[in-house]
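Read from first to last, the chains carry the letters A, B, C and D; within each, the first residue is number 1.
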Amino acid sequence: MDLLVGQLFTGLSTGSILLLAALGLSLTFGQMGVVNMAHGEFIMAGCYTAYVVQQVVGDAGASLLIALPAGFLVGGAMGLVLEALLIRRLYHRPLDTLLVTFGVGLILQQAARDVFGAPAVNVSVPEALRGGVDLLGVTVPRTRLFIMALAVLSVAAVALVLRFTPAGRRIRAVVGNRDLAETAGISSRAVDAGTFFIGSGLAGVAGVALTLIGSTSPTTGQSYLVDAFLVVVAGGLGRIKGAVVAAVALGALQAVFETYSTASLAKVGVFVVIVVFLQLRPQGLFTLRTRSLA
Amino acid sequence: MSAVLTCKNIEVSFDGFKAVDGVDLELARGEVHFLIGPNGAGKTTLVDAVTGLAPYAGSVVKDGEELRGKKVHHIARKGIGRTFQTAAVFEHLTVAQNLDIAAGAGRSALSLLRRRRRLPAVVVDTMDRIGLRDAADTPAGTLAHGQKQWLEIGMLLVGDADVLLLDEPIAGMGHDERDTTGRLLHDIAADRAVAVVEHDMDFMRAFADRVTVLHAGAVLASGSVDEVAADPRVQEVYLGTAKEAADAARA
Amino acid sequence: MPHRFPLPARLARALAASAALTGLLATAACGARAGEETVAAESCLDTSGDTVKVGALNSLSGTMAISETTVRDAIRLAVDELNAAGGVQGKQIEIVAEDGASEPTVFAEKAEKLIREDCVAAVFGGWTSASRKAMLPVFEDNDSLLYYPVQYEGLEASENIFYTGATTNQQIIPALDYLAETGAESLYLVGSDYVFPRTANAIINAYAEAHGIEVLGEDYVTLGSTEFSTIVNQVKSAGADAVFNTLNGDSNVAFFREYANVGLTAADMPVMSVSIAEEEVGGIGVENIEGQLAAWNYYQTLDSPANSAFVEAFKAAYGADRVTSDPMEAAYTSVHLWAATVEKAGSFAVADVQAAADGVSFDGPEGTVVIDGDNHHVTKTARIGEISADGLLYTVWESPAPIEPDPFLEGYDWAADLSVTE
Amino acid sequence: MSTRLPGSERTPMTRFLDTRLGTWTGFAAAALVLFGLAPLVLSGFRLGLLAQFLCYAIVAVGIGLAWGRGGMLTLGQGVFFGMGAYLMAMHLKMADARFEGGPGAVPDFMELAGIRELPAYWAPFASPVFTVAAILVLPTAFAVLLGLAVFKRRVKGAYFAILSQALAGAFAILLIGQQSLGGFNGLSRFRYFFGFTLADPANQRMLYFIAAAVLLAVVAVSLQLRRSRYGELLVAVRDAEERVRFLGYDAANVKVVAYAAAALFAAVAGAVFVPIVGIISPASIGIVPSIMFLLGVAIGGRASLVGPVVGALVVAWAQTALSEQFPSAWTYAQGLLFILVIALLPGGLASAAALTKRFRTKPTPVEAAA
């Protein structure tokens, strides 16, 4: 029983971390087909935002509350700049965007190294989030509960924005059919910029949250990126629902593999499962219907 | 004239929405057969289904062979060719290369690995036929819009397709080009079945041998141009078109 | 279109041509076959001038740059000291610096460059075992010298390498002795998935079996992994007396945070780490790791005149906020050991240095170290340190005397049949 | 208006090289430089370095084919490079063990890791013939299987890129966990290469010649593929994959051939790389090294034949030359090169000559569809 609950919790927890990292990607990848390899560095920027805020504010609790929106703004602003300077020019070359943003990621990583130093820096966990809570016989760290709550909150916020705000409706229209949306008078450029802002902002939020459990160093973002991409691929293009299911499934899968074999083999196992899965559903879990071929 | 291609009770649905709902269609050799209907009527989806792009229920039979469930390239090899709304030619290859590829679906692996020594006669003839002989070594991407459409039709001709499904072949063409295209269609329909998805009513009236009107995924009317034009339901649908198009754009 | 031969003929002709060409060149250029004597490349070391070059080969970019840049600083400090004191054999020492870029292949390439193009007398550097393994054949084939300053998994001895960091019997085994002395009867092993942790854990398993200690679990994570939920839960439910931690780098941060967050403390389940030094404590956050143990041979807080001088000189050179750590000290010591050996040999030549090495000693920050001429390792004092609230480590136990190096653990019966698990 | 593909611009030079005389002239000139000039002017060390770079160039030729001509952005070439390298390294370790310890001896690193029994899958690598066959067959077969699995299901574009990247990551992790393949440290310390002593400078020179010959051979194969009808078909698939399907071709097969060829080239490069550099470890084949293979290709011109070769050589040289003086600046430079070349000069250096009037970012249709 303990083991099962522990497993379940670990799966959910790993899944929520993956989800936080992948949510923004899913938006930008889904809408524009843009593979943003610098997304990991936006997460890292969020981590360092948390660090800087904490240096200024001092109190760990207050600084976390400030850092979350600050991280969103920092990530979002970086996304806007990236979109305006580079991605906008490359919309018709999504594969090239992948390499260009990889270059951006390299530069951001090195910049972090030069500004903050190569060693990891410490972001203190607020007193209220230290220690664990006993749930059904297993100790659940509060930081992980916090991250799960944040993931749920982020997904809910994104879903609400997409569903109920005019901006969200425009985004969905562009995802559904870019050309048609344009003929209906929606400026897809403005929508793209907006999406990129939100998607990158979510990376920043993820970064702030991840300081609670992981290290803050120039390479932090990189370690989440590949897994996040796999979530998006498995989840299907542009589908938040798909990303959620895929993240939790991958998290659980990883946890199970890890318990019954080694953590290294778990990574390989997850990859194999995804390739097999794509045999069954080449376009991911949930796909949008697209009418035109070309 | 006998039907080359027979579609029976075709149904295509996406996420519960029936884009094509029980369509019967026969294409016969020697006819230029127009498929018309308002946006969202299911014309392109029907073509997608026949060519293996969209899964469907029902039956498509060509020369006595059921095509449902076959892969796209197998269906193509059965002699069914199609074009797309935006001309799909290989922009970075020359006209001659485009046609050579289209002519060569049956080539052996070894011959593929060789360099092309001379153009097959059918490619040269077809270039004459579609008026692109002088543009043989021009990259297809630099052709004028209409020329691309012709090239695409030419690619089906060299490939020995005897059922041609053309999706808006005159979109963006000038008046003279339309006439040329129309004559070309009749010319190639002599020994083939040609279906044309089109919005342009003048063009349809000038060149259609037979017309099928689709609306909301079903066949509304079918027959000669005059028969169809006289059908009150067709008139009603076409008066409503402007409103529907606006709705679709807002969705 | 010009006439062409059919493909098979042309292909055959091209293949024949390239095969013939290769064959021709192979026979024309072929050198010694296996078993024949080969002449090792002649050293181009030139000692006729006022200066002698040495190489410093550390990663200044890539993932290992964090650690290796600090080693570079220590090497530079030692060379500056030598030069200020009149040089070695009266000659000033000049550093040729190269970046290993955290890539074994780059280490091999740069080592070869230092030896063959720059004609250095010796090279100081390397950190990961992979980098050392990559450089080893280069130094052997070119008959040159490498001074390697980092604790490692042992099981190696080359004529062309001097190992100035601890081997396993100077770090792992004393750490186990300490845990056993303080009453640990069961252990849980957590490590990164590479050679050092796997070898260390093989030793720990053999030791445990011989000393009646139970190993309750053994887990590996990918290098750089930051997901420790499963492992920490397993550690917790296993309830071992202590954890032996061979994690490397950023994984430590995530591990200790998770560890603290599930409510585990140094008091109820201490963690003995072998890769956490002064440099790493800051990133983990002192509040997450206070009271935990580490096993090294040197801490910045060692109380000796030699260490005070070293720490002072280092801070003066690189900034008051810098800390000194074990690998840095070992690198610093290695430069002085080389100089002392050259002085004893009266020559920079590799063969002379090798011949003179046995018994050469240096009174370094960690105490007196002596080169063992047989295995080219050095004697070292083992020290267990506790991480304190100020982020530094303080010695809580040390071996009564410097421990002789025993890289193949020949002096330990229980280690006779070590086997690294998959 | 010109909308030619970057890298396929017609200049008098490329026109000449396209003739039969031009082709032979090109190869002769390259052979003269590689076999004549380079050994004459370069020191033994520099020649060894060049040999290493030539291996990267061999990988680059394959990437040029798969990515530049076939539109498959393969971020996982390190996998095939690593396969070839490890297969060769296993043979070298076996040969060393047999030579020094007699039959039945296990390679030195295994002995140290406590592996006393030779794992069964190692045994066949004692045979040089088996090894060479394995290098030529195994990675290619793996690429074919993987290619069929993904391309038949029409996984393409960014999906394929991400999958190939994840593959590289998974492969590196898998290797790190295999103690019987040297784990994280990889395999190193080779003494003999098919009976020749590696320490001998004359044999090191021989290795250089082998690398150069392999590069020329690979370029020749790639050239033949490009000029053939298959080459045109491959470009057609890149530009409009569905269109090709509607013409009756199985586009997946077309892609698999180019992907497998790229894999074969990478594997051969890896096999040659090992005796030259003396080590292969997971660090050389993971996600980042795999992407770095692309940098040279992009700079040189992905769609051109010689561009990737030149690009790979230039990047490798720049890395060696610059990274020692400015380690951090080199990382910035890498990042900037990726951005500038791909955003502003998608055809790479190969297109720079033809790029006289204005800079174009002409969309290529296949990617808009991806």
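Definition applied: contacts are C-beta pairs under 8 Å (C-beta built on N, C-alpha and C of every residue); 3 or more make two chains touch, one makes a residue touch a chain.
Since we're looking at a predicted model, the values are computed, not measured.
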As a test of understanding: of all chains, whose mean C-alpha position lies farthest from that of chain D? B
By count of C-beta pairs in contact, what is the leading chain pair? C-D
Distance between the CA centroids of chain A and chain B (whole Å) is 43
Need the CA-centroid distance for the pair chain C / chain D, whole Å please. 32
At what distance in angstrom does the C-alpha mean of chain C lie from that of chain B? 70
Using the touch definition from the top, which residues of chain C touch two or more other chains? 4, 7, 65, 193, 220, 222
Multi-partner residues in chain B (2 or more other chains touched) are 53, 84, 88, 113-116
Where in chain A do residues touch two or more of the other chains? 113, 262, 264, 267, 293-294
Contacting residues of chain D [partner chain A, same complex]: 71, 73, 146, 149-150, 153-155, 157-159, 161-163, 165-167, 169-170, 173-174, 176-177, 240, 242, 287, 291, 294, 298, 328, 331-332, 334-339, 342-343, 346, 361, 363-365, 367-370
Which residues of chain A touch chain C in the complex? 2, 6, 9-10, 13-14, 17, 113, 118-125, 130-132, 138-139, 141-144, 212-217, 219-220, 223, 254-255, 258-259, 262-264, 267
Per the contact definition, I'd like the list of chain C residues that touch chain D in the complex. 2, 4, 7, 10-11, 14-15, 18, 21-22, 25-26, 29-36, 38-41, 60-61, 65, 97-99, 101-105, 108-110, 112-113, 116-117, 128-130, 133-134, 136-138, 141, 155-156, 193-195, 198-199, 202, 220, 222-223, 417-422
Provide the residue numbers of chain C that touch chain A in the complex, in ascending order. 63, 65-66, 69, 193, 219-222, 224-227, 229-231, 233-234, 236-237, 250, 252-254, 257-258, 260-263, 279-280, 282-287
The answer for chain B against chain D in the complex is residues 51, 53, 71-74, 76-77, 81-82, 84, 88-93, 97-98, 100-102, 104-107, 111-116, 139, 141-142, 155, 159
